[in-house]
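In the two complexes that follow, subunit A is the common piece, with subunit B as its partner first and subunit C second.
For the complex of A and B:
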């Protein structure tokens, strides 16, 4: 049985659709990468799963985690899922950790409040988990305050805190975006190691398709509030089945070129709320045909992939760095 | 010495400087005022040569000004504020008989400001809509109404019509009697400050409620109320406690109006009476006490601020 299933999830804020019929499943121990441009709905998907949607957001559909239906779960069930089920790692650790409480307080909070674990024992476990994320002088760090630690260290503290509840799923929303490149690599290495050692399932959200492909088993590509392609990481890079995935791959810098790692695809990305008849990528798609403008495609199998495209079979393998498009 | 110790030391040094400056101003008022200090001290009353001689000796008027200031400080530190001409007794005794009422009034008022101010702020922040609107409207009225008007209304309704509270006087020495007599004055004195604290609280609680770390706590399964108290209220207490401290400092001066309105025999009414009677030594002494209280409360606010916010010591607050 899948650990997490998201089935036909719609999210709307003030009547504006933000997510449209998002569906996927995650097996125990599996690593799923969710990739897409900024504004495509990656964070909203994560927030819907964590039941942390902003005020006024309405979610419909079904999200099942380990037998609990999250969108319908009561307070007690939800607390059980949050303490030992799903742990979150946020993008900006400096914003996600209370600045007026010590690192020790932050780490111990879940254990002390939810599990009534004593001070000394909570402290012992906090030190242990800090060592696990390779923080030196762990004992001394407990007394430090967030502003005394670097961004990279704080993100490790965040990961350590996520581990303390011994979750089955880690949901990390752009955990390295706020950090510099070397720190990014360290954080990714730590996350991957922990995942393998502990057999954790993970959802890793990023706008960096290559990074996702390098660290995840499977990739889900989002565009304008929809999943447009879901495929194993191994085959996705070689054989994408959605023109948007292909465009993301084509937009990556070549091996020798020193271009910022930002996807450059012609045209303005559509917002999920923009009303449109056919495929939401059609206005920017190089493979567009008449049918794309009138009929909305479903996420359907094509070879080893799931793709939301009428021409999924015609999508070409991109050459890295070859057709760098001159758009910002 | 750690950064916290250094900060405390700096606060204390600032306090001492402020005390020197304010005491010098209060001391110098006698000599800055137009006319002869003797007639100032006498408040325009005709003096016998003997009385004048005593005053000259008591105020060392023949010695240079800096020496007189040092003497004055020494006297004040020993609780010697001179003799009231109007009341015909040592000023220190006048103060001793009056200060209790004012301290009680300040304590009751401070409690009201803290409890009602924070309570209303939390209520408004957590219940958008009708309750929030009601709090906003009533705090606006509270802020806009002068304390003597509030005093008049409270006396008319709760003391005269309903008879729940005594109309006049400071009450006996028991706690019950003090609370009974000082509740209405404390309400009159605190109403505007409650509004100020409630509004400050509402705004900063709203800001804190949107912070990621509140979401982090929820995402870890911390019950909402606990997370609110620990991460929203705790962080909002930084601006809120500043607002409470400033309010308490400002009501020290406000005691005059309310004590007169409710016929309380505290320091505030003593100040007003001695101004009316041109009783310079008493005016000087009471002013000094009120100003010193103000300065000390402000210093306590500074210290509380750094204790509540670990970022202050490194100068990285308000990022």
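For the complex of A and C:
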């Protein structure tokens, strides 16, 4: 049985759609990357799962975690889900930690209030999780305050805090975006190790397709509030089946060589709330045909992928540094 | 810098640059030259000193020691006279990372650009300035409708285009891009990178790119300096620095870039524990 199923999830704020019929499932121990640009709905999907939607947002559909229906769950059920079910890691660790409390107090707090665990035992477990995220001199770090730690170290503390409740799913929203590239590599390595050792499932929200593909089992690409492609990470980069995925891959400059012009995606991204008949990517799509402008495609299998595209089979493989896609 | 064909005149010359904040040495003995029409990237991580170098070049920080010469004139000391400040603005401009906080939210972006034109091109007639405004908008890919908008009504990419247009108003010979592309989505970043390339082709402008994104650096900069803890650890042609790095820190930076077949553990081997 899937650990998490999201079924036909719609989110709207003040009647304006933010998410449109998002559906996917996550197996125990699986790492799913949700990739998209600003406004694609990737963070809103994470917030709906965590039941942290902004005020005024209305979610419909079904989100089932380990047998609990989250959108209908009461306070007691949600507390159970948050303590031992789903843990969260956010983009900016400094915004998510109380600056005037020590790392030790921060880590022990949840254990002592939620689980009625004694001071010495809470401290022991705090040291244990800090060691698990490879923080050296863990015992001594308990006395440190957030401002004394680097951004990367602090993000590791946040991951350690997420582990304290022994979750089955970690939901990480751009956990490395604010960090340096070498620190990003460390954090991703730690998350991967934890997944392996603890059998944790994870949902990793990012704008970085290459990073997601390198660290996740499966990738879901979002555009204008909906899923446009879901595919195994292993094959997505070589064989994308949605023109938006292909365009994202091509637009990113590579590390091999300078190209005269990058194949930018023409036009501007559609907002999830913009009403449009047909495919939401059609106005920017190089493969567009008449049908795309009138009929909205469903997420349907195409070879090894699920793609929301009438021409999924015609999507070309982007070559590194290719300029043929230049239609800007 | 290693030579890149025929020698042209250095437009920026920095020697023995040092900046100390209290006890902390942010920039230590940094020297480099930039030739007119080339592009230099300064790469490094937070705390490397790259942004402090940019701020000293643009006059936002005063060096503790060392000299900065831009277009043949010394800039190591701050200016007092407005005319001299305007002259410096016509030599060098800086574009910051965040297009959300560097624009006046209450002013139509076209009016803001006209104000700058009036400041830097005061000897020109009003019609010329109006015409120039439209030329600049076109150069950065915006139209009249955008110019009549307030920053809040524009997308992040459009705002960043406005900040680039603002930097170009004084027709500077050098533009410093301080992480100016970091907050943009991939599709917008590609548009802006193409735009910067076009502007360079049309105007022969010199870019100094402050960035931690090595792929962006490879796309835009001909020369690269790598900074760590306030010092330059490696420098040379961008392709050489990124494809055959010599310093272990440059190697680590290159290995940390996610790409096809990349695994995060590999980069971790060389990483420090803190």
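In this section, the second predicted complex is superposed on the first by the 314 of 328 C-alpha atoms of A that agree within 3 Å, B and C clash if a C-alpha of one lies under 4 Å from a C-alpha of the other, contacts with A are read in each partner's own complex, and residues count from 1 in each chain.
Following the convention adopted for this analysis, a residue touches a chain if its C-beta (ideal position, glycine included) is under 8 Å from a C-beta of that chain, and two chains touch if they have at least 3 such contacts.
These figures come from a predicted structure and were not determined experimentally.
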Query raised in the report: Touch check for A:186: first (subunit B), second (subunit C), both, or neither?
Result: second
Report task. Using the touch definition from the top, say if A:92 reaches subunit B (first), subunit C (second), both or neither. Result -> first
- Query: Is A:283 touching the first partner subunit B, the second partner subunit C, both, or neither of them?
  - Reply: neither
Going by the contact rule set out at the top, does A:61 touch subunit B (first), subunit C (second), both, or neither?
neither
Report task. Please work out whether A:28 is in contact with subunit B alone, subunit C alone, both, or neither, and reply first, second, both or neither. Result -> neither
Exercise for the section: For A:247, select first, second, both or neither according to whether it touches subunit B, subunit C, the two together, or no partner. Expected result: second
Across subunit A, the partner (subunit B or subunit C) reaching more residues is C
Handout entry: Which of subunit B and subunit C A:273 touches, first, second, both or neither
Key = neither
* Asked: Which of the two partners, first being subunit B and second being subunit C, lies in contact with A:109: first, second, both, or neither?
  -> first
On the A-aligned overlay, A:153 touches which partner chain: subunit B = first, subunit C = second, or both, or neither?
second
Going through subunit A, the residues touched by subunit B and also by subunit C turn out to be none
Per the touch rule, the subunit B residues reaching subunit A in their complex are 211-213, 215-223, 226, 230-231, 234-235, 238, 308-311, 314, 316
As the complex stands, subunit A meets subunit C at residues 37-38, 134, 136, 150-153, 180-186, 188-189, 192, 207-211, 213-215, 237, 247-248, 251-255, 257-265, 268-269, 328
Listed in rising order, subunit C residues that touch subunit A in their complex are 45-46, 155-157, 185-187, 189-191, 193-194, 197, 212-216, 218-219, 239, 242, 252-265, 267-268, 271, 273-274
Touching subunit B in the complex, subunit A uses residues 50, 52, 75, 78-83, 87-88, 90, 92, 95-102, 109-110, 113-114, 145, 147-148, 161, 165
